[in-house]
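Before I ask anything, here is the structure I am working with.
Chain naming follows the written order as A, B, C and D, and within any one chain the residues start at number 1.
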Amino acid sequence: MNDLLYLTALPASLALLSLFIRDVKLTRKLVPVLIWWQLGIVALVLHPCLINGQRMEFTSGLAVDKMGTYFILLATFVVSCCITHADYFFAAAEAHGDAYEDQQLRLFYASVNLFLLAMTSVFLCDNLGYLWIAIEATTLSSAPLVYFEKNKFALEATWKYLIVCSVGIAFALLGTVFIFAASQRGTLAVPTLNISELISQAQTLNFPLLRLGFIFCLIGYGTKAGIFPLHTWLPDAHAESPAPASAMLSGSLLNCALFGIWKVSSIINAAQPHSHVHQLVAILGTVTVVAASLLLLRQHNFKRLWAYSSIENVGLMVFAIGLGSGPLFFLQALNHSLAKVALFLLTGNIIQASGTKKLNKMHGVIEDCPIWALLVTLAAFAVTGAPPFGAFVAEMSMLSLSMTDERWALALIMTVAIAISFVAICAHVGKVILGPAKQGFKKFQPIRASIIPALLVLGTLVLGLVVNTEAWSGPWSMIK
Amino acid sequence: MTSINTDAILETLVFIAIFLLLPPLLVGIIRKTKARFQNRIGAPLLQPYFDLLKLLSKGETISKHTSWIFRSTAAINVSLLIILAFLAPWTSLRPFNLGADLFLVIYLLALTRFFTVLSALDAGSAFGGFGASREVTLALLVEPAVILCLAAIGSVSQTSDLGVAFSFNNIALANQPGLWFIAGCGLFLASLVELSRMPADDPTTHLELTMVHEAMILENSAANLALVEYAHFLKILILLGISSQCLLHAIPFFWHTTELILVFSSLVSIMILAASIAIIESVAVKLRWTKLPEFIAYSVAMSIFCVFIALSKNLN
Amino acid sequence: MILDTFEALAMVAAIFAILILGTTHLRTNLSFYSLHTMAIAAVTAWIASITHEDHLYLVAAGVFIIKSCSIPWFLNSVIKKINVGTDGGAFIAAPLSMHLGALMLGLSFMISQQIPGLIGEADSRLGSTAAMSILFSGVLLMLTRRAAISQIVGFLVIENGIYLFAVTQTHGMPLMIEMGLLLEVLVAVMVAGLLLFNIKKSFEHIDVSQLTELKD
Amino acid sequence: MINDPTTFSAANLFTSASAIWLGGLAISAVGREKVKSNFLAFLMLAGALLTLSGAAISWNQSIEYNQLQYICFGLARADSLVDPLSVPFLALLGLLGSATAIASPCHTAALNSQGKRGHYWKLSFIFLIGMQQVLLAANGIAFLVFWEIMSLSSAALVASDHIRHRAQRAAFAYLTATRISTALITAAFLWMHHNTGSWSLSAWHFGTEQSLVAAFFLLFAVCTKAGVWPMHVWLPLAYPEPPGPTSALFSGLVGNMAIFLLMRLLLAGQCSHLSIAYAAIALGTISSLWGVLFALMERDLKKLLAYSTVENMGIILTAIGVAILAHCHNLTAIATLAAAAALFHTLNHGLVKALLFLGAASVERAVHTRELTALGGLAKNMPWTMLCFFIGSLSICAMPPMNCFASKWLVYQTFFQLSYANAPILERAMSLAMVGILAFVGALSLACFTKAVGIAFLGRPRSNAAAKAKESTTNGPDGLIIAQLLLAVACVMIGTSVPIALDGLAPAVRQLTHDQFLVGSSLFPIPQGQLALVGGILVSSIYLFVLGRRSAEVKSYITWDCGFGPLSTRAEETGSSFSHPIGRIFSQILQLKVTTEISGKDRRHFPESVRVETFMTPILETKLYRPVMGIFDWLSSSLVRLQTGSIHIHLLYVFLTMVLLVFLGTNI
C-alpha cells in the first residue's frame, strides 16, 4: 500500500502544485527535475519486480508484473523527456514571439502530471474495471494537452478525440461486463474482474461470453490505440497538440491502450490458445500497417506524417499481440516510443523555426541546422525499422515468428507494407531535409534542442545492437 | 619450332614473304580486273607497290589538333594485322600453329577498328567523324554474322581453335560441304562490308559524303597513309583468305590431296575471290546508306543457316 | 410472458431513451434523459432488493444523484449560458429516428436471443433487450444529431445502456468500479461541457457537423 | 577455431580495418576544422590496405570468427565468415578503397563548406564499413543489417549534392530501388529460415523444391540492386551523383555486392531450378542489349558509364544463369567455366568501371560539365586522364590484351561449349544465339566507348571550358590522377597475367561449383601477355623505322577544311550525331524522334536556318513505371478520402467496425 503511495504521490502533488505556483518559470524548471526524480522512485520501488520478475501485489486489483513495470518505466521516461524538452520548447516560442499565457502553461503542467498519474495507474491495474477507468482517465487528462493551442483546429481535434475515444472506450466497458458475465457463468462461478484470477482459472470461464467480451475490448481499446478504421481521431489530435504533448500522446498513451488489449488477450490466450480470435487480431494489425503505409504516401503536414507512422507502428504492436508474444510487443513499443518521441520533439523545433507545418513549404534543414537534419534522418530510419536500430530487431523477430507460426502470407504482406512506409517517409523527410537553405533558424539554439532527441536516438540504436530475441522465437513461449 | 629443320625455316620464310608481298598484289588484281571490265587497260598490276613506295618517300603533314592516338594508330594496326596474319587460318600454309582462338581473332579485328575510329575522330574534321560513325554502324551489323559463321564451324569441330577447325585432318568437318560453303559465302559477304568495298562503300570515290573508309583516313598522309593502306591490304588478304579457306573445305577433293596443291590452291582461291570482288564492283552499284542493313541481312541469314547445320550436326 | 417488475422498469427506461430521439428540443431531451436515468436507478434498486446485494443500493443512489440530477442540471445550465434552444437539425428527421429507435427495440429483442453464453435462466432476456435498445438509441442519437450537446447526451445514453446491461445480467459489478464509472462519466461530461463553451465562443455555433477542417 | 594463427591474424586484420574506419568516422564527426583531410585519407587508406592484406592471408581457406561477442542483432549475432568466395570481393574493396582514399583529399579541398567535407568523410567511412561487413557477414540477419547500412549511407552519398533537384530525385529513386530489393531479400531470408531453421547463409541449400520461391525473391532482389532490366531505371540517375572519389566505390562495388549475394546463395547453395536459370539468362540478355543501346545514345558522360554498367551486369547474370543451368544438367565443366566467367567478369568490371568513373570525375572537375557536347580536345590538357580513360575503355570493350577480354572470353567459351554439350537442343540453340548476341553487344559497346573517348578527349574543344581545362590542382598529377593510374595499372597487370589471376580465383570457383579438380590457369589458354609483348615490339619497331625515321620531315598544319576558312567546332561530329545512325536502326526501342525544320524563302536551295532536334522518350518509365505509380497513388488517395473530418462519419466507422468484428469474432 505504501509503495502505491510512493508511486503516485509525486505526480498527484505536482499536479496541484503546478496549478498554484505563481511563477511559471519556476514550474518549468521544477517539474522536469521532479519527474526525473519520480523515474528514480519508480525504479527503486519496483526493482524487485524488475530484477527477479516477481509479481508485486499492492491491494486487491492493484498489482504489477514485469511487463507492467517496464511499461511504467517507459511511460515515466517518455514524460520526463518530453517535459524536459518542453522547457526549451516554450522558451523558443517566447523567443519566436508567440509566448503562451501563464494560465495555459499552468494547465499544461497540471494535466501532464495527471496524465502521468493516470498512465502509471493503467499499468498498475490488475482488474479489468480499474483498467477501464484508468484508460478513460488518460483520455480525460490528455484532452487539455490537445486543446493547449486554444485555436479552432485544436478545439475541433479535442472534441473529436474526446467523443470518439469515449464512445470507443464505452464499448470496452461493455466488453468488461461481458467478461464479468463470463466469469459468473463459468463452470465454477466466482464473479471476478481480477485479471490474474481470470487467467489462473481461464479454462473454466464461459468461452463464448469471454470471446465476445474480448472483441468488445479490442474495439474499445483499439479505438484508443488507433487501429485502422478507428484511427480517425489520432492524426488530428497528434497534429494539433504542441510538440511535447504529441510526443507524449504518441510515445506513451498508445502504449496504455495496447497494454489493455494485451491484458485481455492474455486472458483469452490462457482460456484457449490458438483461438481464431488471435488470428483476427493479427489480421487487424496487418490491415492497419498496410493502410497506414498507403496513407503515408500522401501527406502534406509534417506532424500528421508522424501520426500516421504511429498508426503503422500500432499495427505492428497489435500484430505482435496477435502472435501472442509479449516481449516483442514491448520491444516494438519501446523502440517506437524512443524514436517517435525524438521525431515529434525535433519536428516541433523545425516547425517553430520554419514557421510552417506544410511539408511542401519546408526545405534545406540540413543547410540551416545540420544536427537537426541528422537526428531527424536517423530517427526516421529508426521508426521505419531500418537496421541497425531497435525497431528492425523487433520487426524481424515478429516476421520470423509469424513465419514459424505458419502465417507466412501475413509476414510477406507485412514486409511489403513496411517497405512502402519506409519509402514514403524517406521521400517526405528527404524533401524537408534537402534543398537550399531557408535562413529561419538563427535565433534557436540547435544544440540545446537536440540533447534529448540525440539521447533517444542513441537509445534505440543501442537497443538494435544488444537485444537478443532468439529466446522468444517460440510462438506461445512468453505468455505464461 | 625449337628443332632446327630446314624445311620448317623455309616454310616460315615463304609464309612471311607471302603475307608481306601478296596484299598489294591483290589490290592490283582487283583494280586491273575492274579496268578490264570498264574496257580500260588500267594501271599495271604492281601499281599498289609503287604507290606505297611513293608515299613512304613523301613528307608528312599532321593536323595540329591530333594527339598520340593519331600518330600511333597506323603502326598499331599494321602490327595487329601482322599478328593476325600469323594467327588466323587465312591459308593452309601454316608453318607453326599458335592457338588461333576465334574470339581472339574477332576481337583483334575489333581492336584495329577501335584504333581506326579513334584516329578518325582525332583530327576533329567533319568527315572523319561521320566516317567513324558509319564504320561502327557497319561493324555492329556485320560482327554477329562473322562470329556466328566461325562459331558454327567451331561448334561442329567442338573447339574454338580455328587452327584445328581449319586443318584438313578434322574428321568432324570432313563431309560438311554445305556448312563450309554457306559459311564461306556468309564470310565473303561480310568481308565485303568489313573491307568497305562495294556495295557498302566505294573505295574509289572522292565524294566525301558517301565514303566510309576513305573519310576516316582523310587526314593521314605520306608514311602514315602508306601504313594505313598496307594495313587495309593485309586485312583484305586475311578476310578473303578465311572465306576462301571455307570454300576450299567445301570441295571434297581438297580433303585428300598433297600439301603443295593445297597451298597453291589456297593462294589462287584468294586471288579468285579478289577478282570476284572486282566483278561485283563493276556490275553492282553502291547501295544507299539506309539500304545497307538489307544487304548485310543476307550474310546474317547465311550465318543462321550455319548455326542450324551445326546444331543438327551433333544432335543428341 | 410474465413481465418481471425490474424488467418492466428496464423497458420504461428503454422507452424513455427512444423518446429522447423524438425531439430536437434540447431541454426536453435532457428531461427525458433524467427520467430515463431515474428508471435505471429504480431498476438497480429493485434488483438490489431482490438479490440482497446491499452495495447496489449505494450504486442506485449514486446513479440517481449524479446521473439523473446533477448531470442534467449541469447541462441545462450550459444550454442556458450558450442559449441554444434546439438542435441545429438532424441528418434523419427526429420522428423518423424515433421510429427507427422503436424498430431497434425489436431488433435488439431478436439479438438478445442470439447472445452466446447467456443461457442460465438467471439472466433476463428483456433486461438485455432493454439495455441493447438503449445502446442503439444512444448510437442513433450520436449519429443523427448535429448539436454537440446531443452527442454528449448520446454518449450518456450509450453508457446507461451498458450499465443497465451490467446490472440486469451480472447484478452489478463491484462497488468500487461502479463508483469509478460514475465519477468518470461526471468528469467526462464536465470536460465536454467546458469544451462546449469554447466551441460556442470560437465558432458561434455548436454544430459539430461543421467541424471538418482537419482532414487529409 | 580462433586459436588457428591465420584465422586469428586475418580476423584481426579485418576487425582492425573496420575499427580504423570507425575511428575515422568518429574523428570526422567530432573534429571540426582542426582535422586535416590528409590524415582522414590516411586512415581510409590504412583500412583499405588492412582489408587487402587480410584477404591475401586468407585467400584459400574459410575462416569463421566473431570478434564482437557483445553485439547482437536480435535473432543472430554478428558472426563473420571469410571464405574463398568473399576474398576476391574483399580484395576489390581494398583496392578501390585505397584508390578512393588517394583521390579523396583533392576532392575535399575543392569543397567550400566544412559541413560538406564532414558529410563526405562520415558517409564514406560508413559506406566502407558497411560493404566490408556485408562481405564478411555469416548469417542472414547480420547481412541484412550491414546491407541496409551500406544502402542508406550510399543513398546519402548520392544526395550529397542535394541543392540540385536532380540529386534529390536520384537519391529518392535509388532509395526506393534499394528498399525494394531489401524487402525481397528479407522475404527470401525469412522463407529460407522457415525451411531450414537456421540463419547461417552457408546452411541454406537451394536444391529443394520449396526453396524456389526464395530463389525467385533473391533473383529479383539482386536484379533490382544490380540494376538489371527492367529494374535498372534508378541506375543512370543514381550512379552519376556521388562525389568523384566515392563514385568509384559506388560504381565498382554496389552492384557487385548484389552479384556476390547471388553467387553466395544460389551458386554456392547449389540452386537447381531450371526456371531460375532461364529467368536469369533472359533478364541478363535483355539488359545487356538495353543497357549498351542506351549507353550509346547517352549524351552525359557519367550516364553513359552507368548504362554500360547495366550492360555488364546483364552479361554477368547470363553467365550465372548458365552456371545454374549447367548444374541442373550436371555439366560440371561448363558450370565451372560459367562460374569462373561470372566471378572474373564481376571483379574486372568493378575495377574498370571504378577507373572510368574516376576519369569522368576528373573531367567533370576540370570542365565542370559532363555533357559530351561541351567536351572535346581534352587529350592535350589532360594527358593522364586521357590515358587512363583510354585504357579503361579498351578494357570495358573487352579488347585484348586487357583484363575484361579474358573474362568476356570465358563468357563466350561458356556459351560456345554449351552449344555442343549434352544439353537439350533448344538450350544449345539458345547458347549459339547468345554468342551472336554477345558479339552484337560487343560491337555496340565498341561504338559506345569510341564515342566516349573520341568525343570527350579527341578532336577540337567544343567549349571554352574544355579548351582551357586544367588536369590537376597541383602542377604534378594529384590524388585523383594517381588513383586512376593505380587502377589502370591494375587493369593492365591483370590483363597481361590472366593465368595467375585465375589461379587466385580458383578456390572461389571451387566453392561455387564444388569442382575439386579445377586448375585456374587452364581455363584461359590464350598467351595474352606474350601477344602484348610481341605487339609492343612490332609497334615500336614500325614506329621507329617507318614513321619516326630520320629522313621523314613532318610538318604540322590545321585539319583539312576543304579550303574554306578555319573550321568551326560546330562542324565536328557530336556525340548524338555519332550514334545517330545506330539510333535510327533501333528507333522503335529508343522512341527516337527527329524533327527538322528548314526556314527561308527558297528553302530547297538557300535555306536561311536549319534546325534539327532529336527526342528520346524513355519507354520503360512511361509505359511501365508510371502506371504502377498510378495504382499506388489511386490506392492512397482513395484511402485518404476515408478521413472525411466529419465526426459523425468517424463514429459511424466505429460502429460499423464493431458490427463487423462481432460478426467475424462470433461466426467464424
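What we mean here is this: a contact is a pair of C-beta atoms (placed from the backbone, for glycine too) under 8 Å apart; a residue touches a chain by one contact, two chains touch by 3 or more.
Every value quoted in this text rests on a predicted model; they were computed, and no experiment measured them.
Chemist: Based on mean C-alpha positions, I'd like to know which chain lies farthest from chain A.
Modeler: Chain B.
Chemist: Hey, which pair has more contacts between C-betas, A-D or B-D?
Modeler: Greater number of contacting C-beta pairs: B-D.
Chemist: Averaging over Cα atoms per chain, report the distance between chain A and chain B in Å.
Modeler: Measuring from centre to centre gives 79 Å for this pair.
Chemist: Using mean CA coordinates as chain centres, what's the chain B-chain C distance in Å?
Modeler: Centre separation, chain B to chain C: 101 Å.
Chemist: How many angstrom lie between the centres of chain A and chain D, each centre taken as the mean Cα position?
Modeler: 43
Chemist: Would you kindly tell me how far, in whole Å, the mean C-alpha position of chain D lies from that of chain B?
Modeler: The separation of the two C-alpha centroids amounts to 36 Å.
Chemist: Quick check: what residues of chain B touch more than one other chain, meaning two or more?
Modeler: none
Chemist: Out of chain D, which residues touch more than one other chain, so two or more?
Modeler: Within chain D, the residues that touch at least two other chains are 640, 643, 647, 651, 666.
Chemist: Multi-chain contacts only, two chains or more: what residues does chain C have there?
Modeler: Answer for chain C, listing residues that touch two or more other chains: 116, 142, 151, 208, 211, 213-214, 216.
Chemist: Pairwise, which chains touch?
Modeler: The list of touching pairs comes to A-C, A-D, B-D, C-D.
Chemist: How about chain D: which of its residues touch chain C in the complex?
Modeler: Contact set of chain D toward chain C: 640, 643-648, 651-652, 655, 666.
Chemist: Can you tell me which positions in chain D touch chain A when the two form their complex?
Modeler: Where chain D meets chain A, its residues are 70-76, 115, 141, 144-146, 148-149, 152, 156, 159, 162-163, 167-168, 171-172, 175-176, 179-180, 182-183, 186-187, 190-191, 193-194, 632-633, 635-637, 639-640, 642-643, 647, 649-651, 653-654, 656-658, 661-662, 664-666, 668.
Chemist: In their complex, what parts of chain A are in touch with chain D?
Modeler: My answer: residues 159-160, 163-164, 167-168, 171, 208, 211-212, 214-216, 218-219, 223, 229-230, 232-233, 235, 276-277, 280, 291, 294-298, 364, 366-367, 370, 377, 381, 386-388, 392-394, 396-397, 399-400, 403-404, 408, 411-412, 415-416, 418-420, 422-423, 426-427, 430-431, 433-436, 464-470, 473.
Chemist: Quick check on the complex: what are the chain C residues that touch chain A?
Modeler: 115-120, 123, 135, 142, 148, 151, 155, 158-159, 162, 165-166, 169-170, 173-174, 176-177, 180-181, 184, 187-188, 191-192, 195, 198-199, 202-203, 208, 211, 213-214, 216
Chemist: In their shared complex, at which residues does chain C touch chain D?
Modeler: Residues in contact with chain D: 91, 116, 139, 142-143, 151, 208-209, 211-216.
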